[in-house]
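Which chain is which? They are A, B, C, D, E, F, G and H, in the order written, and residues in each are numbered from 1.
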Amino acid sequence: MAIKDLPVEECYIPGCAACPGCPATMALRVVYKALGRNTVKIIPACCTAVIESLHPHTSFDIPTMNIAFEAAAAGASGVEAGFRMQGKTDITVVAWAGDGGTYDIGIQALSGALERNTNFIYICYNNEIYSNTGIQRSGATPYGAWTTTTVTGKTEFRKEMGEIIQAHHIPYAAQTCIAYPEDLFKKLQKAKSIHGPKYVEIMAPCPPGWRFPMEKTVEMGTMAVETGAWALYEVENDKVTFNGRSKLILEGKIERKPIEDWIKYQGRFRHLFKPKKDIKRIKAIEDHIDQMWERYRKCYQ
Amino acid sequence: MKKYDVVTTISYPKKGAMGKTGNWRVFRPILDKKKCVKCLRCWIYCPEATIIRNKDDSVDIDYVYCKGCGICANVCKVKAITLEREGKKK
Amino acid sequence: MTSADLVEIVFHGRGGQGAVTAANLLVAAALKDGNKGVQAFPFFGAERRGAPVRAFARISHDEIHLRSEVYTPDIVIVLDESIMDIVDVLKGLKKNGKILINTRAKPGEFDFSKKFIVATVDATGVALKHDILIGGMPVVNTPILGAVPKILNRVTLKSIQGIVRSKWKGELAEQNVKATQNAYDAVVVKS
Amino acid sequence: MSEVMIDTGNYIAAKAAVLCKPDVVAAYPITPQTTLVEGIAKYLATGEYKGEYICVESEHSAMAACIGASATGVRTFTGTSSHGLLLMHEMLHWASLARLPVIMCNINRVVGPGWNIWADENDSISQRDTGWIQFYCSSNQEIFDTVIQSFKLGEHEKISLPVMISYNAFILSHTSMPVYLTDQKDVDAFLPKRKPKWKLDPDNPITFGNIILPAEYEKVRFDMQKSHEYAKKLIPEISKEWKQRFGRYHGDLLEFYKCDGADYILLSMGAIGAESKVAVDNLRKEGLKVGLARVRCFRPFPREEIQKLSKKAGLIVIDRNISPGMEGALFTEVKASLYGYTDAKVYGFIAGLGGKDVPFGDIEKMCKKVVNSKAKHLEWFGLKGV
Amino acid sequence: MSEVMIDTGNYIAAKAAVLCKPDVVAAYPITPQTTLVEGIAKYLATGEYKGEYICVESEHSAMAACIGASATGVRTFTGTSSHGLLLMHEMLHWASLARLPVIMCNINRVVGPGWNIWADENDSISQRDTGWIQFYCSSNQEIFDTVIQSFKLGEHEKISLPVMISYNAFILSHTSMPVYLTDQKDVDAFLPKRKPKWKLDPDNPITFGNIILPAEYEKVRFDMQKSHEYAKKLIPEISKEWKQRFGRYHGDLLEFYKCDGADYILLSMGAIGAESKVAVDNLRKEGLKVGLARVRCFRPFPREEIQKLSKKAGLIVIDRNISPGMEGALFTEVKASLYGYTDAKVYGFIAGLGGKDVPFGDIEKMCKKVVNSKAKHLEWFGLKGV
Amino acid sequence: MAIKDLPVEECYIPGCAACPGCPATMALRVVYKALGRNTVKIIPACCTAVIESLHPHTSFDIPTMNIAFEAAAAGASGVEAGFRMQGKTDITVVAWAGDGGTYDIGIQALSGALERNTNFIYICYNNEIYSNTGIQRSGATPYGAWTTTTVTGKTEFRKEMGEIIQAHHIPYAAQTCIAYPEDLFKKLQKAKSIHGPKYVEIMAPCPPGWRFPMEKTVEMGTMAVETGAWALYEVENDKVTFNGRSKLILEGKIERKPIEDWIKYQGRFRHLFKPKKDIKRIKAIEDHIDQMWERYRKCYQ
Amino acid sequence: MKKYDVVTTISYPKKGAMGKTGNWRVFRPILDKKKCVKCLRCWIYCPEATIIRNKDDSVDIDYVYCKGCGICANVCKVKAITLEREGKKK
Amino acid sequence: MTSADLVEIVFHGRGGQGAVTAANLLVAAALKDGNKGVQAFPFFGAERRGAPVRAFARISHDEIHLRSEVYTPDIVIVLDESIMDIVDVLKGLKKNGKILINTRAKPGEFDFSKKFIVATVDATGVALKHDILIGGMPVVNTPILGAVPKILNRVTLKSIQGIVRSKWKGELAEQNVKATQNAYDAVVVKS
């Protein structure tokens, strides 16, 4: 699949409230292309609740319901049941949430919806922070990163949401990244074609949140994958397949790039380089990624 | 589009729901059609859907809403898009 | 109708330009200058890089009980002149009100200079000159404050510089202080 | 004549709900609501209930799922109690501001800590500011009738608001009483299909609930208030229609019992509201002119009805709740309703907190205290050892 | 003289909290509370705050963590707003019934949907039945002083209750104003070490919060009420002590402003309470005898103080909240307090819902309507297009 | 370690409100023996909140705090911090919750506490239902089991909490069972000795909930392990070790017994045997356990 | 044990917090000391802590609180404990 | 003071014996017999196997407005005589009240037979005879109901049997019906 093959039709309408260079709208465009108009979206509090723009207008051209921060997946269970009871089983029900709404405050509703087999797609766009509220730590924030609530760098490692999701043994789960629109598109199309709960997580580098220039969103995504900080893979009924670069890394066909290559371009890691390079913490990050790949190799190869 | 008769927060799709966001622009992407190889990278990566994809896969820029993030210029491998500081008057 | 000595100010700028910081610094300086009642606050909404933003300041000799927005400013400060194409910066400006604009133009070039007292200063130029940049972009919010004492005698340049020094350190502080001085010297006021 | 079913308040509520054919029920168990949910589960197993029953993982999610379902335009129902209701608090506001007519039974149970599963109305009274319509029932028959009526009320085009039907833990939820049922076809005839005021619909891609500016939000609140005001008219209409169709009647916003010529009228709710009838009977026998106005509907608050009452008699208010730092909520709101309107005497009692039994004898004593001018403005009745 | 700090309400609150040396802060971010939490995080990074800051995953957990920490006997603090507060609802009841003096700032923000981050007091008013003491501040100085005072109040041995300090979104939370600070040593001298009424302690293996029977639970409620009543005495004492020590004073339960000889007294809260002073100044200049009694403390409700006021003047109540199906909560409770006590005129206005600005001119208009006998019993002020 | 080596001292006091034959009190006795008196326990709503008996008395001889159903782990984070701030770092902080409070309504607080590295032991006694409220389905209820909310048998498989916990990469996690008190004892002692978040789950067959005679609690536990429906293992810093019978099963040294041997003694599965044997559903259960062991073998051997 | 002076749900440890739960018993475990091999299985598995472990690892039954679940009898490998229906009078 | 025709009944039994079911069946039968107002409810708490439990019933010709507990029963029914050692089953029993006990003893063997009307029936024996067992234990709650019409003329054996038939099916129902008949025939009443 090439970029050219992606549909022209847009359900995202220009002129919204997103920051320039926003990864969320970048992803949303592709998501809408993959899912089509017969889709209903539930979104909890997150940047997207601002992005959609002010009442009485909206920048989204598919029906969208905002719901409380912790309630996206539960709301989706209700929406799905509501449509099903009306015989409208062709509508794709999507919950679209940030990492905060997924890893932290929304994990319970999500875990519940997966367990009770709700037929929906849960999409997490992961910018590794609470960006809507002005950059606080989330469960997805990586070790060492500055946020307004981790002023000297986060002291814990991020949750491995991918593994947590896999432990739920749902029919389809995938990790992708805004820098790979074809990958994103394919994964969502596949998710759409499968019955039951699906989970897709999109790595979404956020310029103001990570402190990089707004034109670099795509590069930051590419580097996340190339350094191995983020892996592209999909899981169908417990069968794991790595994709693209990540597959090559898994198979040892290419080396993953050093993590420094990525984090040094992000203001949120500045304190690891200035005034003095914090070798210990950088190594801790590197080691942690190594361990992750070791696990991947052990179970998924 | 049907309008619902209820006083709650119902909103309707609209181009420029936040106004003409082209006004936010500090840098202006300038497209050199001659250089363009129609790879559509700028189109798919533009966070604003303000790269217009034409029937022939050539592209145009919708300056009314383009926020000037510069991503299109950055992802164009042939440098067909460049950024210019916005002038005093548009 | 409120206290006669109350001065109300509106700042116009773009997201990322630091309009709120400017308002905060200004009132901190005003406090130093003996204005017991001061207030600074943003227009309350999500600030996006490049999008028009507003901030407000109030300066008084007495405690300020006002908590409402500023509807009829005495002074308007424009950090980015291009904003004037898309926002009505003169909205509510009092009769004989003052407007300070970051521009290379002279006051007389603005047609509203007949109605209002217009002051202009090239704060962007000042910033570039003193190398006050963030991410390659000139920072204009501190420089332009240097021009304020010329249109508002309730705040002194000295206090503004004092506040700048307490907010930043070392080299950066000094550059900013110089920039305020520069702007102070360069501002052109026409009434 | 219609069929009689003898069962507990919870099973009766389940029966009533199922007759209304909600498309989606989402609920989470909590004592003493569990048998209500189990009732629905049983009807699902037998095929008598044909909708979807979503077993959620918390009450917060129960209400969220009801909201989601309701937003697609279908009929929804749920039930909870006490801590479950408290955990829903955020979503209660959500349902009402979204104008979604979720219908819910709440079994009034004490709020912890410590754990206490008995009857006390602090759980639902704490929700008085959430925008929900609130009924308090005093018999299983009333539960049955009110659940069905509530769908008509909440889904009415001039209302479009969620409705909470509260009844006391165990005293009603677990007590078997005979109830006259309404046939399915009669319920169908009584209850129009829901016509949603808005819905999620790919043919009409609206966005619900995005950022709204002050002046517009204010209108949302005002319209909500208008609907509450309208409900004060509609509730009596629905009660009347119900009575005409099925011969059963439990009052409108208030239920009056022996109020004619009363010097004092008792205002009470829930189970105490039923027990009060016994007390009134006894007091009347003793020659004391006491009547009862049982508060069926707490939201909208029956201000005007209570004003009317106060023209005739003094009022005695019993609250099975307290707003700490103030007093019983009914007492407060009754007085607020009357202020500047009458100077009728109004006395307040707090009784039955924590599930303490309030037998008719106690109610009689309270009334006598008032009648004999021995009552204080407000008193905690029967409190021992403090 | 003490140091002046010019900063936003949130940073001032953080400063005050840190001066009180809470051992544990557990909080979750929400606009417009975030800068308060960030303030604490910064003080933690600089070492000025030496306690533990627990980054929880939700507000429900924030309050649960504060409860857990407080139960070990230490001092705790948190802050939230709007939906965060609503999500805590269950745990708010928990903290008060457990008699744990958790101190919390709440930044009054509109309740959604739709999303709206501006000022409106429905969030905290909806918590009026949870047993918390509630303050409403109208300046950054008052925030600073009230946070410190609240630790003394909540932890007092006759109180042992949680305290909520509310202030309006942005209008205070994000507005810089000069504030006189109190030195650390002075705060230390003012604020005794917490002496917990009970605690988790391996040397004394009690069980907290197990099943409690009705009659005993009733006592728990009664004792709570007694403490609220006592707080009405203690709050003025603490205010007085504060004034004597530091010269600053914002009123007791109410703050009076130009009430002498007033024909009408305005009752308002929060930011409107400050803006009202400007309105009163202006009205007085015009010769209208209007004063202001700003409600600082909503729980316990200042019943007696308002009764006293009503003997002198008619009352004009402005509510930035509404209990749907009833009216503004302050209006209700004022009238309930006065019922049977006076026949003073009382008028209600609802204004500023959804964060709509309420400038002094509007307040003056409301007052003039009353003075000129053009006011209705209750009015939504300035509502357009409905 | 033999039974004789377990301490005599009891912190559980006879005369409580538990049903006769209760697995929770059986486990609690051993837990207390392992942790000792310098322990503080937080319990959410669950049977144990009844078991502890009525105010003003308690059957537990260590300080115990009840907390709301969903809040055990968050409460524990607070308790731990409170003690630490007082320098009382020698107190073991324990959250003790049922499967409902762990798999469902409490999973968010739990996941959060694990991510933020709270130094505590979270113990889940898993009786596979909400028993306190009268036997409703939980996320831990196995496929096919009757509860009052799954009248014809649950249609979903249970959450694999063990895997979800492992995905959190905490220093120590273990599964054990009331039928193996020495195993339980050892695991809790180990948990106590490790800093950071620890998770221990105890299989706890419940006579009224599962519908078996009250004298059979221990046998039901043994059979859970012998049929492989439940595995005994521990995970230290991502290293998994299987214990006892489960180790032998993993290593293929013994066959796991057919699942029928266990479920046919439980009234909650009666409908799978009467009026007619439901071979399909029984096989589904069997297959599911097979898959689980396959996964175990793949990653943990 | 220190009693706290506060009116909230504070409870203090007590044997028989729910009364003499031996009253619930329908079957009574009877121990035959002669058969007992002191394996302590009954002791560790008793959900009620009503098997008393003596210094010499012999056991006794606390009938005041034993609820009669029968687990002790069931786990005893040498059948030293048997169950008997409770008589009319204890 | 309540309606004169009101009969209030307390059941005593052990957890697992079905006291609540007994109360429910009884009032269902009473309803059939024309008592328009009936109520049955448990004592509200966690029921543990073997632990003493209570249930209540009220029977009246009119709608019952009472919602309080039964403090002064007209009739006490004891499903398990051993409960009498640990619970004061006579508590509140009205003067001339009746007590029905499942026992092999005769009424006169109870010393309170002087004060109250005592009825006895060996419901356990009846259950064993009709093989009504659950988990090997005799079920006494239906059999004992058969004895009630002998002490309470407001309920007929026929109605009780009708209710039993509507609650259970086939063989099981018939066994239960027979058991009620048996108990009805066997009960000994002494006043």
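Criterion: contacts are C-beta pairs under 8 Å (C-beta built on N, C-alpha and C of every residue); 3 or more make two chains touch, one makes a residue touch a chain.
These figures come from a predicted structure and were not determined experimentally.
**Q** Hop across touching chains from subunit E and tell me the fewest hops that reach subunit F.
**A** Minimum number of steps from subunit E to subunit F: 1.
**Q** Leaving subunit C out, group the remaining chains by who still touches whom.
**A** The remaining chains, counted without subunit C, form one piece that is still joined by touching.
**Q** Is the C-beta contact count larger for F-G or for F-H?
**A** Between the chain pairs F-G and F-H, F-G carries more contacts.
**Q** Provide the C-alpha centroid distance between subunit A and subunit C, rounded to the nearest whole angstrom.
**A** Averaging C-alpha atoms per chain gives centres 41 Å apart.
**Q** Quick one: subunit D and subunit E, Cα centre-to-centre, how many Å?
**A** 30
**Q** So the centre of each chain is just the mean of its C-alpha atoms; given that, what is the distance between subunit A and subunit H in Å?
**A** Once rounded, the distance between the two centres reads 64 Å.
**Q** Cα centroid separation between subunit B and subunit H, in whole Å?
**A** 81
**Q** Among the residues of subunit F, pick out those that touch two or more other chains and give their numbers.
**A** Each of 17-18, 20, 49-50, 52-56, 58, 60-61, 66-68, 70, 104-105, 107-108, 111-112, 115-116, 139, 213-214 in subunit F touches at least two other chains.
**Q** At least two partner chains per residue is the criterion; list those residues in subunit E.
**A** 55, 57-58, 60, 83, 87, 90, 94, 97-98, 112-115, 117-118, 204-213, 216-217, 219-220, 222-224, 355, 357, 386
**Q** For subunit B, write out the residues touching at least two other chains, lowest number first.
**A** Touching at least two other chains: 7-13, 20-21, 24-25, 67-68.
**Q** Every pair of chains that touch: which are they?
**A** A-B, A-C, A-D, A-E, A-F, B-C, B-D, B-E, C-E, D-E, D-F, D-G, D-H, E-F, E-G, F-G, F-H, G-H
**Q** Once bound in the complex, which stretches of subunit G touch subunit E?
**A** So the residues of subunit G touching subunit E come out as 1-2, 4-13.
**Q** So in the complex, the part of subunit C that touches subunit E is made up of which residues?
**A** 1-2, 23-24, 27-28, 31, 36-42, 44-45, 64-69, 71
**Q** Subunit C touches which residues of subunit A in the complex?
**A** Residues 17-20, 50, 208, 213-214 of subunit A touch subunit C in their complex.
**Q** How about subunit E: which of its residues touch subunit D in the complex?
**A** Per the stated touch rule, the residues are 60, 83, 86-87, 89-90, 93-94, 96-98, 110-118, 120, 122, 125-126, 128-131, 133-134, 208-225, 228, 231, 299-301, 303, 321-327, 329, 331-333, 335-336, 338-340, 343, 345-346, 353-357, 377, 380, 383-386.
**Q** Enumerate the contact residues on subunit A facing subunit F in the complex.
**A** Those residues of subunit A that touch subunit F are 70, 103-105, 107-108, 111-112, 115-117, 139, 155-160, 163-164, 166-169, 238, 291, 295, 298-299.
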